[in-house]
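Going by the order they are written in, the chains are A, B, C, D and E; count residues from 1 in each one.
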Amino acid sequence: MRAPTEAPKKTAGSASLALRRSALLVLLIAAWWAASLFSPPYVLPSPVRVMQRLVTLAESGDLFYNLFTTLWRVLAGFAVAVAIGVPGGILLGSNRTLGAFFEPVLPVMNTVSSAIWAIFAIIWFGLSPLTPIFVVLMTALPLIITNVWQGTQAVNADFVELAQTLRFSRLKTLVKIYVPSILPYFFSGARLAFGFGWRVSLVAETLGASSGVGYRLRQASDLIQTDQVFAWTIAQIAMMVVIEMGLLAPLERHLFRWRRDVRT
Amino acid sequence: MRAPTEAPKKTAGSASLALRRSALLVLLIAAWWAASLFSPPYVLPSPVRVMQRLVTLAESGDLFYNLFTTLWRVLAGFAVAVAIGVPGGILLGSNRTLGAFFEPVLPVMNTVSSAIWAIFAIIWFGLSPLTPIFVVLMTALPLIITNVWQGTQAVNADFVELAQTLRFSRLKTLVKIYVPSILPYFFSGARLAFGFGWRVSLVAETLGASSGVGYRLRQASDLIQTDQVFAWTIAQIAMMVVIEMGLLAPLERHLFRWRRDVRT
Amino acid sequence: QEKIKVGYWTSGFSVGFGAVLEAGKFLEAQGLQPEYIKFSDVNGPTKALMTNSIDVAFGAPATGAFTLGGEGAPLEVVLVTQIAEATFVTKDGSPVTSLADLKGKKVGMSPAGSAMYAITTALLEKNQGLKRTDFTAVPGNEGRLLQFLSQGDIDVAALRAVTLASVSDIKLKPLGNVVDEWKAMTKTSAPPILGVAIVHKTFARQSPQAVVKYVKAVMEATKFGSKETDKASAILRSSANLDAKDATAYARLWDQFYVASLEPADIATLKTMAEVFRAAGTIERPVPDTLFVPTYYEQAKK
Amino acid sequence: MTQTAPHAPPSDPRQALAFRHVSKHFLRGDGSSLEVLRDVGFDVPAGSVVSILGPSGSGKSTLLNMAAGLLLPDDGRVLVLGHETSGTVDWSRLGYMFQDDRLLPWRTAVDNVGLALETGSMGKRERRERAQAQLAVVGLGEFGSSYPHQLSGGMRSRVALARSLVTEPDILLMDEPFSRLDAQTRTTMHTELLRIHRERGMSIVFVTHDVEEAVILADRIVMFSPRPGRVHTELSVDLAHPRLGTPEALTLVAELRAAIAGMSADWVI
Amino acid sequence: MTQTAPHAPPSDPRQALAFRHVSKHFLRGDGSSLEVLRDVGFDVPAGSVVSILGPSGSGKSTLLNMAAGLLLPDDGRVLVLGHETSGTVDWSRLGYMFQDDRLLPWRTAVDNVGLALETGSMGKRERRERAQAQLAVVGLGEFGSSYPHQLSGGMRSRVALARSLVTEPDILLMDEPFSRLDAQTRTTMHTELLRIHRERGMSIVFVTHDVEEAVILADRIVMFSPRPGRVHTELSVDLAHPRLGTPEALTLVAELRAAIAGMSADWVI
């Protein structure tokens, strides 16, 4: 006799998943450690050395101070990008005239390197915290707009018609039909925007900032302090994994709980 | 009497569109020119000066040589990213076990800055042309994987069932059901990957390369030749717009011709 | 003819010298067959040496060499090639009149961690009694600093001579000069050092004579640049992508930033600097004396 | 084709819906033009139930889309409560049950029904209660929290039915509302619909393929000819309710079936 | 619930399909368990046409999904040509027409039909030709290049019908294949289906709500009781074709209708 096919097998599955993941992690660290035996520490420092450095940084308070400084900047820029990008993308995608008009603007924004935005930011905002925020914004914005725009074009016309017969206002149609439809597009956009925002904030922090992970990374890199470079990189990655697994993934699971599973 | 609602009104619309776009362009250049009157040339050079520089660069052959060098590198990295990212994203999205396992890997890839990939590239590939290509690859890959993955999860389970009853092999199901379904996701991913790939290739070209737009931009920037910085930037943008309007947009229009228009 | 892979940073303080060395075929004149590998990251050549991708480099930041030396990397510093020069300037009409007035001001300089930063902060502390916390250091490259200065974001900036020479539209007032301050601080006549020529030990073991030839070529090129200003300027224009005006300024200032020597006084300066850097936390480990190898220079001088 | 007077006054408002010389073309996949409706004209008197019968592809759904204001005729006029659909119409009094169910996959059954109430200012709790009550009317009281993919085909069309009823519209357009239901459930739904119609007195237009259903429910039956759709026959059904199984109704059904079979000469599928 | 022998031999291969003590539960939206099928058992002899009648939500589609191998029973066995669906079955001989049309929106009608042929090694041109010919059979010859959204509801279900026929399957599962068609088109489709069945002799299982349709087409009728679905009545129809309008058929339809009406006491919707 079989158990109902729909019954959740979560507990067993997630335990073995955690196990397999830890196994992967251990494997990676072992490989790193092995490789480090054959490389000088200034090319590939050993995991132990990087750990020690990480502890030193944490003890001095440097680690969390700089991580949170950068995180704050990224979040601020990201938030503005979402606030502009989501309505903007929907507008461009749902209004054909506007969309056609702005079509060539997006690749331009996409191409302009963050360094150039940084230059503009410095001209406009000088040495204020707005500078790195602006750079993050200008990087995150095309990511979000592009995805939301594309998502808007994929909205099912049948549902828009339904909204019309229900006499929904434009705003209501956007909120009740468009937003849920573009949610998966928004999620990939947001995930990317956050990642890339983080990356460029590091670049922006080498200009005019004197704190933040980017500043410290650049400093370590200029001095060829490879273990510090690794330590900061690992700290960042750990933070990103926590955000992904602790926030984004569960949120997504909740929002997309209506989806029918494809069994393959 | 009204014309059939479905009749195309393309010609009139696209002429006025071109007009409005040119108007925007003229406006932008005018604004730039006005602003340049009040700024020293090393902060904001005038459009005329930038144009002259552009002509000089074009005449010396520098312009196209460097543009194409960079373009070639970006395309190579981009192609590899597509070749890995599309099947990879589909696999991760359609196989729940694999997907859950690799979930935390993506934000990691997303976070690792291109500069760090560049360092790895130099360690692994030395000073070969593989270095910038690798950096582009590592930037474009998460963009494509993230979008394709998300797209795969949004594939209609009904269609997958249909493929199962038609006894399609896995590969065939991927090609006939998944690929068309994720196409809009792929398009935003690819568009972003190309733009961002271009941007990081500029960064990568500051390492070990002695040609390419990035190399020239960095040089001009370090020497405070602001007019050259602007000239290169404009050349890039023009190229991107040509690619978008001449290649991507028409391709998309063709591929998505089956879509029902939403009239709003 | 011996093959040699030469790396350099095609920007900032080494672009001019690199162009002259390359265009003047100085290495070829010594019977070497060079392959030039260019980097637009200042530490690019050092990192490439670290992975043995190139044989020799010039204009490599001394700090990077010190860090790697402390780690026991197989590198040898065979020549001092760039002087750490900069002038503190302020906008004309600013209330700041001397370096002593910097207390509480915003000072633009190279980013913390760089050699220039360590040198300037050390100077300000020793000569003017200004602690690190007495002023705000604003990092940025030269173009940015100039812009901050004109926007009023900062009060003072430490700028290189070439940058100052290219500025025509803002009136700037010099407050002091890093080289002079350094000499006053160390009470010697040796200038502070920014860039050095380094070689990989493997290459040096294989063909010490090639290193000698390389050192000789660098010395010759330095001499050529300081004597033949017009020719150097022409090379800069054609090969280094510089404007006529910039090229002339660059060539005229040649002696202010290019040297080629490794006299005992230079080694002493390097060691002093290493101590200053270590005190400032810029580098962590002591620099072994064996990092500096003057024998090639001695031979080349003959 | 007739010319409509340029300043035609709003027509008789006692007609809930009126189609006047309506024509419509579409473009086919290969770009050729397809005539779908040709000079269609009939009225739906306020409070009446009108059934449209017609072959597949004869433009019945197209006609309903026009009545709902989603499409405009190429030629002719469509009037809702006396106002042309291209002008100002009080759409809020109209409910449309599409041929496909159009349930939002990300909403549960009860929230799909509630969607129709989200136009106004009704509170969330009241919306839920009304939606739940309407679901119970269509026999799905226990399935409020199921997502559309967890429902059977017939259940999905009943959710769509509930959504079109919950707003208590004055004009109800229904496109094959019961075609996915079995005979028993369908009879129950017929009874419910007639009860609601007695209570609220709304005007109903419904498309069906089931002659018996048309006879049981409709005051008036409009039969379409094959594409291009034209009005082939229009007849009134003046029988007392309930009609199910009555000899008069059975006779009418038989007659209509024969008529349709007789039409088959010009029936082009 | 019965225990199946651990090493049960493949059952009688003369049965195209066999359901043995099949039970199935689903989770409802609120997480509670829903019993959908209870101990369902009947056979589909090779070459026969079996019709399933039953109320909405009684698990008819679920049963077809099991026969197609998309779902496994919680309990009991589903055999295709004598092999259990959880084991090795020659699926290539099975065609399934879903209750919804499942047309790929990015493919034209002819390419949607052609999709079913893309499993094998058939050349592109031949696929197109066969798909086009099959479209013509269902009366859509001119609409090959239309996209699904350009077709009417009845046309879409005919495209799906064509897709399930074009592979010439040995076992054909059809879930309310004609429910969106008008009487005339439906009659034409019945005739076509019977002709194809005569020629190819495949086994057909089809779900319908139309008693008349079941009587006209089926060799055997299985009537389901309301959820949880059980076999309520199973009967053979031993009438000669064509049956449409014959007195015997009319009598049987009337009898079955009465039986269903009689069942209504335990009919829970």
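By definition in this document, a contact is a pair of C-beta atoms (placed from the backbone, for glycine too) under 8 Å apart; a residue touches a chain by one contact, two chains touch by 3 or more.
Protein names from UniProt, one per chain: A, B = Nitrate ABC transporter permease.
None of the values given here were measured: they were computed from a predicted structure.
The chains in contact with chain A as well as with chain C are B. Highest C-beta contact pair count among chain pairs: A-B.
Distance between Cα centroids is largest for the pairing of chain E with C. If each chain is reduced to the centroid of its CA atoms, chain B and chain C end up 38 Å from each other. Separation between the centroids of chain B and chain E, computed from CA atoms only, is 48 Å.
The set of chain A residues that touch two or more partner chains comprises 43, 123, 157-158, 221, 259-260.
Multi-chain contact residues of chain E (touching two or more other chains) are listed as 26-27, 100, 108, 147, 149.
Shared interface positions of chain C, defined as residues touching 2 or more other chains, are 47, 51, 147.
Chain A contributes residues 158-159, 161-162, 164-168, 172, 176-177, 180, 258-260 to its touches with chain D in the complex.
On chain D, the positions that touch chain A within their shared complex are 68-70, 91-92, 94-96, 98, 100, 102, 104-108, 115-116, 118-119, 147, 149, 167. Residues of chain C that touch chain A in their complex: 42-43, 46-47, 50-51, 61, 63-64, 67-68, 71-73, 106, 111-114, 137-140, 144, 147-148, 151, 153-154, 282-284. For chain B in complex with chain C, the residues that touch the partner chain are 40, 42-43, 119, 122-123, 126-127, 205-210, 214-216, 218-226.
By the touch criterion stated above, chain C contacts chain B in their complex at residues 10-12, 15, 36-41, 44, 47-48, 51, 53-54, 141-143, 146-147, 150, 163, 166-167, 169-170, 241-243, 246.
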